[in-house]
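Look for subunit A in each of the two complexes below; its partner is subunit B in the first and subunit C in the second.
Up next, the complex of A and B:
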């Protein structure tokens, strides 16, 4: 049976997806990125191959570590893979917001998952997952919970610092002044959202808005983005896997 | 004293300089041959490439011994130099010198020196490179001659005003500023009159006093003629790049444009471009492109990233991406038709130096880009958002959006800097470029 594999080696996590010829996900796997990426990838792919013993599954790699995947036939950038993945996951064209650990991107997706336009926030970490991760750690709250806490808060403090590192010191002083954790977290989310909205405004925007990347699991991000843009946001079932899923589809398309 | 200096100048430039530079040329020919081996995605460059280095170096070589032989002026790239040339001035262009430092990758040390002396890292990296060179005395050109006059023209940016005032204070020599008002639509007669007055009443008396002679109309006409001829040839060479495959890429042009900027007004520069034209034309006739395989053609907007030229040229060529033209290289050719030799020289000079792309509205640049995409049969645009060159980068965000939305031309913003490596993020830029290529349907393994 025809199968294809996509592997997305991101700055925070490694994602693997295997699909069948109908683009249905047969296998998925996520684990944290380790410092020795090459060895880690080899091991992960070895396990997948073990599972699909005897089958020759073509691989396409993507993500920051895409060139370290020796088993891959080819590597493609995250932009191309995310566009492809979201188009087939949601079956629509539109504008995809992908908030990853190391950067965030806004991609305008055309028919068949082709890229019409894109922009990236890759100079400053304040528009990335790392921004939230850092501050959650500073407050000693699991990162999965910060969205809920932020949404529960009525009050919102403005975080004026636009840099992750300096925002951390700002948070420390806000805490010292007795500000509620919830209102600080809401302010932090607002900071990130404002940056994303700026990026949406700088591309050839086409509705609907779609969301992917690990940060999409944070409910506050989705709700606040909807509030800021006035558009409802479509979410795929596995937002974190969209890059790997797209890579798998490209691999499938190129092998048929 | 001057007789001795003149003798030394003649001896060094003719008897020693020429043979020395010829040997250097042979060395570069060998180096080029090595770079363009059968595996290279680029075809071997023009034969004139090695001579270009010799030609430009000869200018700097003369500069080492010029003090006391000819009056020296340091000028901005868009300065009305024809007047100074006609008075016998030897010219140094600090902007070109900074670019040379960047291309030779020695600029970061100079930038550090300037920053240590208090220049902010927000200041243009050309300024930081040159001030660093002036303060430390280090330059790949050997030695730059001390100027007797500074001439800055506001047609390229406002930074040059501050830069040259700084030089004026440091060197304690006269500075002439030619103010060219911004051209929103068409050049107005009062603007021409205003610039002409400055040329006649601010620049001319100071320059004549330093040169110790009066300007002769015949000399000025001759210089303008050489400027015009070289500029026209440059334009014709660039227009040959409309052909498919393009005989040159923008990375060749960035190197070949040095003489049109810093040696325009000389007979030798006309000869140089004449030779180049013949070679490019023969490449077109035999349909030999700069790239072995040209899959897509793009436009480059803004200055080059001098310290990454070779890497970017190869990276693009590997994917079959050709960049046949840029707004920057074209800017040095498109003024040729304005140089009307029948008209009053000062009026012509005023008009020419009011017209550079940076002295005009952002809409003018957008229209120029759209026209170029059509004429050069291009598939997309790379807009280098150059942290140093604010006037060139201003408006690029809107230009990019309008290219995509109104004209359906794929366009990408590339954030970098002409000379400052600290403003260049290797991996991020690689991803952007690769994503853009994939978007254009050019993928790779």
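Up next, the complex of A and C:
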């Protein structure tokens, strides 16, 4: 039976997807990225091969560690893979926002999951998952809870620093002045969303808006993005797996 | 004709290092002129037995010295030239020429003349922004002024015949660059090797360059074109040069360029008997160029022309950070290209930085989007 594998080696997590010829996900796996990526990837792929014993499944790698996947027949950028993955996951063209650990991307996706336009925030960690992670750590709150806490807050404190490092200092000052954690977190989310909206405005925006990446699991991001843009946002079932899913589809399409 | 798909032949031409060329030229009684970017009358210097060696940085330099003297928002080419001098590396040169290419280079010219006052004779050269007869007249006077200065400095007086001889040799070297670029798809080598070779014209005597370019052509020429995705590069210079490897690894080929180092200096052949006018005419009639203040329309038409001629699928604007004259045109050029269905991307770099992973990803995405 024809199968294809996509592996997305991101800065925060490694994602693997195996699909069948109908693009149906047969297997999925996510784990945190370790410092020795090459070895980690070998191990992960070994486990998948064990699961699909005797089958020769072609692999396409993506993500910032894509070139470290020796078993891959080809590597593709995460932008191309996300575009492909979201198109088939949601069955629509549109504008995809992918907020990853290391960078954020806004991708205009056309028919068949082709990239029409894109922009990346890659020169600074403000506007990425790392921005939220760092500040959550500074406040001693698990990152998966910050969205809920932010949404519960009525008040919102404006965070003026556009840099992750300076934002951390600003948060310390705000806490020292007795500001509530929830209102600080709401302000932080607003800061990130504002940067993303700036990126949306710089591409050839086509509705609907779609969201992928690890940060998509944060409910506050989705709700505040909808509030800021006025568009409702479509979410795939597995937002974190979209890159790996797209890589697997490309592998299938190109018959590598 | 069938498309050619083969493994690139790399590094088969032996290019001597810039320092070796300088040493040899000086040992044979010649002198050296350091030339800042980028239009200048090369033949004029050669007529005085002076080898012009161009200063495009050098790249990948730690520019700590210049940062204490000039603003950090001045481009890295200017920072590198100043640092290179402050480190004492220009002491091998007998002359320094700083053309008024942009405000930053004009500023650098003033710094050299008014504050640094180097041991070497330093000149500036004002390149007029227009393409009219009056601009040719003005530039020929500027060139004649430098001739007079060099005459005083060297004690020699090259005559009209000598000047015209060197003009023709330089024109032959330019013709060789044109031939190589025109035949790019039929030269089985990677873009790094290709640009390393054509850019050796920045420091080689024209006669040596012609010989190397001919050998290069013979070595790499194939009968069927390379089966690669052609793209056009635009900007000042391909630095860091690793960008070329990224394009090739994504199955791309630089089919032509609008670089200040190469494409914008494919001067037309000159006519007439007055060597100063000939040199001025060549520069004034160079291809459309941001430093010449050409209209958006002229630059756009030129880019569309080279894109269509080479069958290129897209244009990569490879911009040196803070280069105002390049940035100014970009929105108009990109809009015009897009209207013609030509994709484009802007990549900004600092010539002293390594190519970042993020930049590599941007270029790779662009190459992946080209059909």
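What we mean here is this: the second predicted complex is superposed on the first by the 255 of 256 C-alpha atoms of A that agree within 3 Å, B and C clash if a C-alpha of one lies under 4 Å from a C-alpha of the other, contacts with A are read in each partner's own complex, and residues count from 1 in each chain.
The working rule: a contact is a pair of C-beta atoms (placed from the backbone, for glycine too) under 8 Å apart; a residue touches a chain by one contact, two chains touch by 3 or more.
Just so you know, these numbers come straight off a predicted model, no measurement behind them.
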With subunit A superposed, do subunit B and subunit C clash or fit? clash
Between subunit B (first) and subunit C (second), which, if any, makes contact with A:95: first, second, both or neither? neither
On the A-aligned overlay, A:183 touches which partner chain: subunit B = first, subunit C = second, or both, or neither? neither
Is A:104 in contact with subunit B, with subunit C, with both, or with neither (first, second, both, neither)? neither
For A:120, decide between first (touching subunit B), second (touching subunit C), both and neither. both
Under the stated touch criterion, which partner chain does A:74 make contact with: subunit B (first), subunit C (second), both, or neither? first
Select, from 185-193, 203-211 or 347-355, the region of subunit B that bumps into subunit C once both structures are placed on the shared chain. 347-355
Return the residues of subunit A at which the contacts from subunit B and from subunit C coincide. 64, 76-80, 103, 114-115, 118, 120, 122-123
Subunit A residues within the subunit C interface of the complex: 64, 76-80, 103, 114-115, 118, 120, 122-123
Can you list the subunit B residues touching subunit A in their complex? 397, 401, 404-405, 410, 413, 415, 425, 427-428, 431-432, 434-435, 438-439, 443-445
Where on subunit C is subunit A touching in the complex? 357-358, 361-362, 364-365, 368-369
Spell out the residues on subunit A that touch subunit B in their complex, using ranges where they run on. 64, 73-80, 103, 114-120, 122-123, 202-204
